[in-house]
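Note that subunit A is present in both complexes that follow, paired respectively with subunit B and with subunit C.
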Partner chain A sequence: MEQRLGFVVDLAKCLGCRSCEWACYNNHSWETPFRYLREFYQQDKGKLIYLKYSYGCNHCEEPECIKACPEKSYYKKQNGIVLHDITKCSGCGDCIRACPFGAPQYNSSLGIVDKCDLCVSRLEQDLDPYCVEICPVNAIKVVDFKKIREENFSKECVGFTSIELTRPAIRFKKMDSQRQILIIKDKEAR
Partner chain B sequence: MKGGRLLSIKGDITHPFTKGQLCAAGNAYLDVLYSPDRILYPMRQLGRGTGNWEKISWDQALTLICNGILELKRQYQTTLPLWVENHSGNLGILHHALRGFFNSIGYVSYTGGQLCSSAGIDAFLYTFGELPYSNPQGIVHSNRVFIWGGNPAWTSSHQMRNLLKMKLTGKKIIVIDPLYTATAALADCYYQIKPGADGALALAMAKILIRDKLIDQEFIDKNTKGFSSFKNYLETIDLAWVENETGLSGGDIDDLAMQYGKAKNPCILTGLGLQRYSNGGQTIRAITMLPVLTGNIGKEGRGIYYAHFKADVFPKRFLFHKPPLQPEGDAGNNHHRYLPIHRLGKEIMAATDPPIKMAFISNSNPLSQHPNSEELREAFKRLDLVITVDRFVTATAKKADIFLPTTTFFEHEDLSCSYWHPWIGYNQRAIEPLGEAKSDIEIACLLSKKMNEIEPGSSGFPTGKTEGEFIEEELKVFKEKGIPSKIDQLKTKGYCLGFNQDIAWKDLKFSTPSSKIEIFSQEAKQNGLPALPKYLENKKSVAAYPFRLLSPHPQMGINSQSIKTPFYCQNDTRYAYIGPETAVICSLKTGDFVRVYNANGEIKIRIQILPTIPPEVIVCYQGKTLSGIKTINVLTSSLPSDMGEKSSGHKGVAYHDTFVGIQRVG
Partner chain C sequence: MSNLNLLELYQKSMEGMLDGKGLPYICLLLSKKMNCPVIIVDDILRVIVYQDVTGEGPALGEFFDPLNQEVKLFRKPIGSGAGNGALGELILLTEQEILELEQTTLEAISQVIAIQMAFEKELLSIERQYRDEFVYDVLHNNISTRQTMIRRGKFWGWDLHAPYSVIIIKPSVEKKIHIGVTLEKIYSLISSFVAKVEGVDLSLSENEIVLLFRQMAEDREHKQFVLDKLKDINTLIKEKLAVSLNIGVGSIQNSMELYRSYHEAKQAILVRECLGDTECISFYEDSGIMRLLLSVGEYQLKTFAYEHLGPLLNLDKANSEELITTLNVYFDNDEELGQASKALFIHLNTLKYRLNKIQELLGINLKNLENKLNLFFALKCYKIQMQKNTTE
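Then we have the complex of A and B:
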């Protein structure tokens, strides 16, 4: 059975510490990291929801980047990983505009785009991607989605809408509902 | 490493505390090492602040500096006109080498006191006689952790690993903070308290604990001094007043007291922010009462945590090289002069007999980090010669005459002692210094050599010793203590324990004057402080400056040692953050450009509205230049905190007692 690899994010653990950003940046010769922290606030009936987590490329099942790229520089491996051949890239930026997740990153000194390759060469050596390896609280993991019980995971969370069109390979670990969100008490009530 | 160049940086997976996982700042250090902005040779600025720097040789630089010092000595018969600023750097012990050099040439004017933690340190010393030193890994044995005014998700990600592990087993994390931090976001409960009112909350909790008989009377009777007068004082605390003072409801306060009092083994992590107020020392004193009243001292997983220096076992012999004999009949000047840190600018300008004429600054960026920095900038104008030792042209270096380039920890050897966990780290040199950069201790040796070249016998500091030799000398302490194996351990593994006790005050012996926990401290009273943990009035805003400015440290930097602003960082130093209430009052929206001002000065900055920022508060992160050369400390207050003298000779700084106005520009 072919694998379908992707990231699982544990929202109860992510500190928002940015170690994964830096590990990604330090180990890929690119101007920016391929994954970075996103922070979201949402008002909900006088309560405030604040969540932070990082992601980069979600290695979608139906990737927009592949469809958008005029040079056909994107391709998908059997195990689900979406890869980019930078030798074909013209730097037109169509993929950047097409990706709903802000994954492709433009490198202004090279004039081309690249993105997260899930550290595929490390996976082949049975090593974790750099971002997973560095995380001080083990909040991110690479898993084979064919082997997880989908009911334990959620396809969306505050700030992240599951896009059925592209079917991103990212799951958020479900939290105990009482602890799901963190609350600032209603300031009006004071 | 490849061809002498470092390619990547990794943690040591065998390290008991970090487990090899680097924090974001740790990951970013290679960028500091190879930053294109780093200065790698000595320079002289032709006209301070002009940016007109010229490269000079080390010999030229050292000659200029030593001639400057010796000229002062000839003119004033003392080196007291030289102001020496030397703070923490990265806390490697050899970073204080330049202090050692100045100790060895005579008497100088040092900055007195420290910016960081001294009010809180004093509070612990008054209560317990010592700082709490329990191994923070023991926190996993607690079932309820109160994080009070601290943000380990930013400052100690390794500690957060322990805390999250606890949380997964159903234990609780409670955060008390005026700001909804990344740590608060991971907690079970969060209480948003008004800034500076933490002491009132702690006293109210103590009062409720006594009222509801949740205290350990036997422990109190045996181990403490002054309980009955404290109890009487608590009678005067009105809980309705505490609600108003703290902004917490009566229910919240009750809830906190119950959660603490009924927990089987609660522990408290006190941060540093809550003691940077003019009532900060008393705040910490009040918080220390909670574990004391409930007998949660000296037991695994309980008690209270703060910074401590117990792991720093090194004698720092290089600090104590004797100066040459002073001129006779000058006994009055036979000691250093200390200029109180909270009002340094004023002190420099006011100094007479002798005045301050020259500055030598290392491990520090005072024009960025000291409170009321504009005043200090003014004081710089009175100086004839300013020298900075740094890696970058900082806000301070911009106003200097001579720049000496120093190394990063990749390029020198050092010993680093944690002030949180009990481990000492051995910092090996990974690569040769880049360009002409030199370590602090090498600069100290070269200065000493040059001094003696120009005027033989003018410096008592060693001239020909290497870093390694200085370190060997420090390591002798382990032989003297009968634990020579630690030297091996340090050198082969890279780390060793600085001390072995895992639980502070397990033997219930306290080094206070009464050998008990001092709720009532005669010593505090003698030093002009309340003998009991009393609430000192929280500073209030005035009509002209209605907002309190909080200036916590940014996520991606240590004070002004900011590491490159990360990629899509929200919490960066380019913004002032306000809450929605303030936005309405001032009719501001995100992106507006504003003037933030008070009597000390003003800065111009962009606004971001975050729903988590409480009313009447504006938050700007410490650090990197905001607009031009001005940093947030243009605005911060020169008020001292209430304590700090006992541990550091001078009071600390009440940074958070700063009030400002905001006005939209353009």
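Then we have the complex of A and C:
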């Protein structure tokens, strides 16, 4: 197939400003944004690492939502985008429980679920998704994974473990500096 | 020998090519000119065309009679100058010496054949691209209605009224750069094989071959049928290309739910790959608890393994994984001390000593089912972890 689209997140650039979250929320008429900021803490060699960045649906290579949905409302396009047909959704929530990344979002007023569609209609017009377009520091990008050099990117980072079973289409740009890592406390100091 | 001179032969074969008469016509002309049967084989030595002077097929027993020492072969690669390897070979079944002038003739005609073969290959690849896109849509729930799927399937000769099971075949190739070339060859061999089997269709995607087996018997019989055919395919590929295959088999599903079978087949392969198997035929339904472990993040796997095996791993660093190996072999042999000690090439008492040491280090009792389960899973987690480190 000609493309395999996915996200690249530059951790060193992300300010945690939530612009992507708001752009997603404002343009998708859903109760909650599909992409939202997440904060992580992790102990590493005596240091407490704090990191924040956003992600939503990672348009996995082997999506669990497709398998879990009893209504067959999820499908995958040839460019790798996983889409959801809300007209088929019964709101059972099986996909929410199946997704390891918390991507599908339940709308309590409609009683159904939807998720990030990578702004597929914008991509068809050669435009970036809303979250990518709004980011003031270009920390998020949508790229064709067939055209990137995998060794320049990492599949995991603090707070995000690559699930072998689903193979999420998200990569993290390897950080040159530790600028964004806020070391809160030294183990000895504690 | 035919009266056609070199130029006439060249012109006629070019005209034949433009008229769409294809390789059989070109071979017939050449066969008449050289007065001997002509064969064209592809890059994996499958006979594409056979022509003799009469333009009829070979009689029974006439072809490659092993006892007939008189049959001489003249072989010439086709299209080897293109830089992409030969497209195939031109073979003449002749007893006469090939003269210099005839060599020139063959050179010219082999170029015409190369153009025709490249053209036909291109046509086939375009057709296959459309077919593969249809298969992708079927396997990713990308077709909205059953009617559409059945209609599109019918176009490609598939009967999607019936349930199918999806099989994925992945070659174990060390260098990724060779995967494409190897896959093409494997695909060609498997397509020849499945052409003789009723109810089997195949497709080639980026790095895997997808086979669809139509259910034509009860579940158990179907499983046995699939297993037998896959064993044959495995043997065939191993013999011809010396490549081992990882094969995953999904469950039987109706056409609208084939995507489930596809994902199951993928998971079946993944389970084996994570355990370091490079050659297997694995059914999803037999992959057991391992597939649950794969839905857990790497960090959790690592933590679980080190929580339960930490003291053993620390001690093994100095002893080249003695205790971990002992535990693995002990569980692999269904906790039979005699068998496990034989498999480890150690005395029974040594094994007992090591097991006691493991219990002492971990502070557990190996007779307790929960302890055993934890250790068993921790060993699997550790193996997945180690395998991942090796592949990365």
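Things worth noting here:
The rule we apply is simple: the second predicted complex is superposed on the first by the 177 of 190 C-alpha atoms of A that agree within 3 Å, B and C clash if a C-alpha of one lies under 4 Å from a C-alpha of the other, contacts with A are read in each partner's own complex, and residues count from 1 in each chain.
Simple rule for what comes next: contacts are C-beta pairs under 8 Å (C-beta built on N, C-alpha and C of every residue); 3 or more make two chains touch, one makes a residue touch a chain.
What you see is a predicted model; the values in this text were computed from it and never measured.
Once chain A of one complex is fitted onto chain A of the other, the partner contacts of A:Ile163 are limited to subunit C, with no touch recorded for subunit B. Once chain A of one complex is fitted onto chain A of the other, the partner contacts of A:Tyr50 are limited to subunit B, with no touch recorded for subunit C.
Touch counts on subunit A: comparing subunit C and subunit B, the chain ahead is B. In the superposition on chain A, A:Asp94 makes contact with neither subunit B nor subunit C. Judged by the touch definition given at the top, the superposed model places A:Glu39 against subunit B, while subunit C stays out of reach.
In the superposed model, A:Cys135 lies in contact with subunit B only, and not with subunit C. In the superposition on chain A, no contact is made by A:Asp117 with either subunit B or subunit C.
By the touch criterion defined above, A:Trp22 reaches subunit B but does not reach subunit C.
Judged by the touch definition given at the top, the superposed model places A:Ile66 against subunit C, while subunit B stays out of reach.
Subunit B makes touch with subunit A in their complex at residues 8-9, 21-24, 26-28, 30, 153-154, 157-158, 160-161, 164, 167-168, 180, 182, 184-188, 190, 192, 247, 249, 555-556, 566-570, 581, 610-612, 614-615. Contact residues of subunit A toward subunit B in the complex are 12-13, 15-19, 21-23, 25-27, 32-33, 36-39, 41, 43, 48, 50-52, 134-137, 179, 182-185, 187, 190.
Of all residues in subunit C, only 133, 136-137, 140-142, 205-206, 256-257, 259-260, 263, 266-267, 270, 274, 291, 294-300, 384, 388 touch subunit A in the complex they form.
The residues of subunit A lying in touch with subunit C in their complex are 1, 62, 64, 66-67, 72, 74-78, 100, 156, 161-166.
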